Structure formats: C-alpha cells, structure tokens
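Below you'll find a set of structures to go through.
First chain A sits with chain B, and in the next complex the same chain sits with chain C.
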Partner chain A sequence: MSNSSSGNVGIVIVSHSAKIAEGAADMVRQMVGNAVPLAWTGGDPEGGLGTNVAGILEAIEVAWSPAGVAILVDLGGAETNSEMAVEMLTEDRRARVVVCNAPVVEGAVIAATESSGGSSLTAVQRSAEEFYA
Partner chain B sequence: MMLDRAAREKLVRGLANVVIEHADELTSLDQAIGDGDHGLNMKRGFEAVLATLPGLADKALPEMLKAIGMTLVMKVGGASGPLVGTFFMELGKALPEQPARADLVAATDKAINAVKARGRSEAGQKTLLDVLVPVQAVLADGGDARAIAAEAAQAADRTTPMLAIRGRASFLGERSIGHMDPGSRSASLLIGAAVATLEFEAGL
Partner chain C sequence: MHDTNASRASAFVPLTASAVLVNPVGLHARPSVKLTQCAKRFAAAIEIALAAAGPWTDAKSPVKVMRVKAPQGAMLYFRVAGSDGDAALAAVLALVHDGFGEA
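Coming up: the complex of A and B.
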C-alpha cells in the first residue's frame, strides 16, 4: 500500500493476486510518481489467491481523495467484493467511488495518468473504460 | 414459527457443519469448472460464523441473520461471500423476530432479488439462483419441509447440464456443461440443513 497527499482522484488496484496488484501499482508509480493517491490489495483473508472486502475497504481509505477513488479490478470476485465494499462506505463517500470496467493493469496506468492531470472522477473512469472500447 | 435461543444456535451449527463437512466435495466441483476455492472459502466463512457463537445465538433472529451475512461477506474471500452474505443480510432485514410462513415467503423473495442485483444475474445462468429461485417457489406454493429439501437437491442436480453464463465457469463455455454448479450445491446444502432444523424445532 502506498499513498501521497494530493487532491487528485485516488486509484485502488484489486487483484486476486497480491503480486499482480503490487506490480500494477509499481507501473502506476513509474508513470505518475506521487501525484496520485494509490493503494493496492490482493488475496483472500488468509493470503491465498482471492479478494476480500476488508482489504478493499482499507485500500479505499489509504487512497482516499476528496475528488473520489477509481477502483480497477481483475476477475469477477474482485468486482463483486469491490462493489460490496463500496456499498459499505458512508453515504457521502459511496457517491465518490467507482468500479471501472477496464483491464486492471492497463486501466490503472491510464486512470492514474488521467488523474495526475487533475481530471474529474468521471473523466478518470471514462479514460480507463475507453481503452479497449 | 417459534425459534428460541437453543433453536437458533442449532440452526447456526447445522448451517456451518454441513458446509464444513462438504468442503472437499465443493472444492472438487469448483476444480472442474472454476478456480477450485469454493469449498475452502465457504468453510473459512462458516468457521468464522461458528466462532461468533454462543453470542451470535443470543441475538434475535433478524440480528443474527444480519450478523451471519456480514461475517460471510468479510471472511469468505470470493464472490460467494457477497452473494451468500447478501442473502443472509437481506433475510435479516426482512424477517420479524418470530416469522410466520408468509413472512418467510416474502423475505426470501426480497433476498433473492438482492442476490440477483449483487451478481447481475438471473436464474438459468448456472449459479446459486438456479437453486434459490425454484426452492422459493416451492416455499411460496405451500410445500412442506420434505418438498423444499427435495427441490433444493434436485435443483442443484439440474445445473449439471446447464451452460454457465456468469462467474468463472462461463470462461469454459460449453465445457461447463456436464458439471454441477458448486454454488448451487452449497446453496442446496444450506437449505437442506436449515429446513431440517426448522422442521424439527419450529414446525416449518
């Protein structure tokens, strides 16, 4: 997990594999440095392959920005657990978190690059989702 | 339906034990058409539920069901956590403390709709909905405990020839045909265990 102080949209990376999540975060940092709040999570509650709601909630907290947070996920369970986590946020935060329909590595790098220029949450989500559209 | 504290504890133990006892079977079903973690994930979730006893059974039925759902959401670690957890949480929100059968019919209908929304899925896609939906229909039609349990087992069997449309198994396309859906199997096990307790303790 990592973070930086900035008003830019935060990025959360959720993969079934902690190694993929961490590696994707490294690629994001290489592109945008500390200009974007960033956190990653991967693995089930015991550290095996999978995703978990508590880890996702923690990552959202670490990457929190008043501009909102864009979550990039890999496979189905990562999406379902991320949506569950978003629903468990307080109402004011819930409206400012989106789960992007985009590939996790490419989406994270593109979303972070868009965010680093000061774009809105909507623009960050769109940039990630348009990549393969 | 009267569920006192002892009956509530029995219900929780029945649900947890059936999942834990069948964990290996659920895992092999999931190895055939998924990522092979369903047995372990569900076992982890229900062991965490057991760990909240005896305090869990001190709660009134609605609070107890919500607590079970939240534990599953937090501990299962796969998509089945939010799916099965949502079912329990919504049941807890919809049921009164001492439900009549009509309350159970209405609450299960609401809970199934919440699972559909959570998974963006419908019956017919080789998921736990292929057990929940037909079993709820038997419950709504006035079927007795035996009819409900039988429908749960048969509905899980009926997922074997189905083509998976949602979840990891859908990646296999037609190769998903010929294997029972693991989520349907765990749902049928849970329903069987619940019905056995409710019939004996509460006269379902």
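Coming up: the complex of A and C.
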C-alpha cells in the first residue's frame, strides 16, 4: 500500500483474494507508475477469501485524494461491502468516492491511467466502465 | 507563417504522420498506457488508426487504444489537431520510434 501526495484521483482495489488485489496493484504500479494514490485490500480478517468493510475503509483512507477515489471490485460482497464502506464515510467524502462497474484488474489499470493524466473522478470512472460499454 | 496562423485561428488543420510499430508485441497493454499518458499531456485532439483512411481512435482513451490491437510491424497513423499539435505529434512519434521504451 502506498500513497503519493499528488492531486490525482486515488484508486482502491477490492478483491476477495488478497493475492489478486495485491497483484492488480502491482500491475498498476508497473504499468502506470507512481503518480496515482493507490491502495488494495482483500480477504477476510482471518486470512481467508472475502472482503471486509474495515479493510475497505482503511484502503480508502490510504488512497484518499482531494480529487476523489475510484474503487474497483470483483464479485458480490466486494461490491456490497464497498458500498457499505462508502456509506460510512463523512458526507463530504462520500460524494467523492465511486464504485466502478468494471473488471477489477483491467479497470484498475485503466482508471489509474486516466487518473495519471490528471482527469476528474467522473472521467476516471467513465474510462474504467468503457470495458463493459 | 501567416498561413499557419490564419488556419489556426479558425479551425486547426489536422496534422498527420505515420510510424511503424517496432516493439515486439505491438500496441499491447503497456504501450497503450504509455501512449495514452503521453497523449493526455497535450490539449490537441490525437487519434490513431491502422490505415490512412481510418477508422480513427481517440489516443487519449486507454480502453479504445488497446482495442485497436495493433501488431508489431503495423503502420500506425496519427491525426492531430490543436494549438499544441506539432509538439503532440512529435511526442507520440518519438514514443513509437523508441518502441515505447521496450523495443
């Protein structure tokens, strides 16, 4: 998990598997670079497969940017827990966090690419969601 | 010089150029990301195509650029329009000639 102090949109990767989340984050760092705040979370607190709200909230905190945060998720609980985490944010922050309807790995790379060029949260989300367009 | 300024004052006349993709696997994921990152640094509209007549693809969209699936050896055409079009075209061509830093 690493942050950068840039004003670019932050990216959060949420997978049921910590390995997938970490691997996707590795791809973002290697392909896109360090100009984007990035954090990942995966697995349940016992180390098994799953997602948890606390871990997602922590990742949002790590990747926080004034420009907002785009969350990429894999299946089911990753999405519902991410939405729950967003609900728990302060009202001010809640408006600047989106859960993208995009594949987790590809979406993370594309969202980060868009963010690295200084694009808005709306543009970052739109670009990631082009995969299903 | 006057001609150039006159044309730019109205609508930017698109600049075009082409270059051969020299990097081993063509315009795959990593080069696509580099190309879009480069293109986004410019205000100019930048498009790519695999033929001089198009169809044209927005070079600032990583998803669209990857969908072009340009292979190694392909001729990549650029069409650029904007106030910083000269610099933008030079930058993207340099990237292709350089094999996106991985040739």
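Couple of notes before you dig in:
Basically, the second predicted complex is superposed on the first by the 133 of 133 C-alpha atoms of A that agree within 3 Å, B and C clash if a C-alpha of one lies under 4 Å from a C-alpha of the other, contacts with A are read in each partner's own complex, and residues count from 1 in each chain.
We adopt the following convention: contacts are C-beta pairs under 8 Å (C-beta built on N, C-alpha and C of every residue); 3 or more make two chains touch, one makes a residue touch a chain.
All figures in this text were calculated on a predicted structure; none of them were measured in a lab.
After superposition onto chain A, the modelled positions of chain B and chain C are compatible, with room for both. Which of chain B and chain C touches more residues of chain A: that partner is B. When both complexes are overlaid on chain A, the residue A:E83 reaches chain B alone and has no touch with chain C.
In the superposed model, A:V32 lies in contact with chain C only, and not with chain B. In the superposition on chain A, A:L49 contacts chain B only, with no contact to chain C.
In the superposition on chain A, A:A18 contacts neither chain B nor chain C.
Of the two partner chains placed by the overlay, only chain B lies in contact with A:L75; chain C stays clear of it.
When the two complexes are overlaid on their common chain A, residue A:S127 makes contact with chain C while staying clear of chain B. Remark: least CA distance from chain B to chain C after fitting both complexes onto chain A is 27 Å.
Within the complex, the chain A residues that touch chain B are 44-46, 48-54, 75-77, 80-81, 83-84.
Taken in their complex, chain C has these residues touching chain A: 29-30, 33, 36-37, 40-41, 60-64. Contact residues on chain B toward chain A in their complex (touch as defined above): 35, 37, 40-41, 44, 73-75, 77-79, 81-83, 85-86, 118-119, 166-168. Per the touch definition, chain A reaches chain C in the complex via residues 31-32, 109-110, 113-114, 116-119, 127, 130-131.
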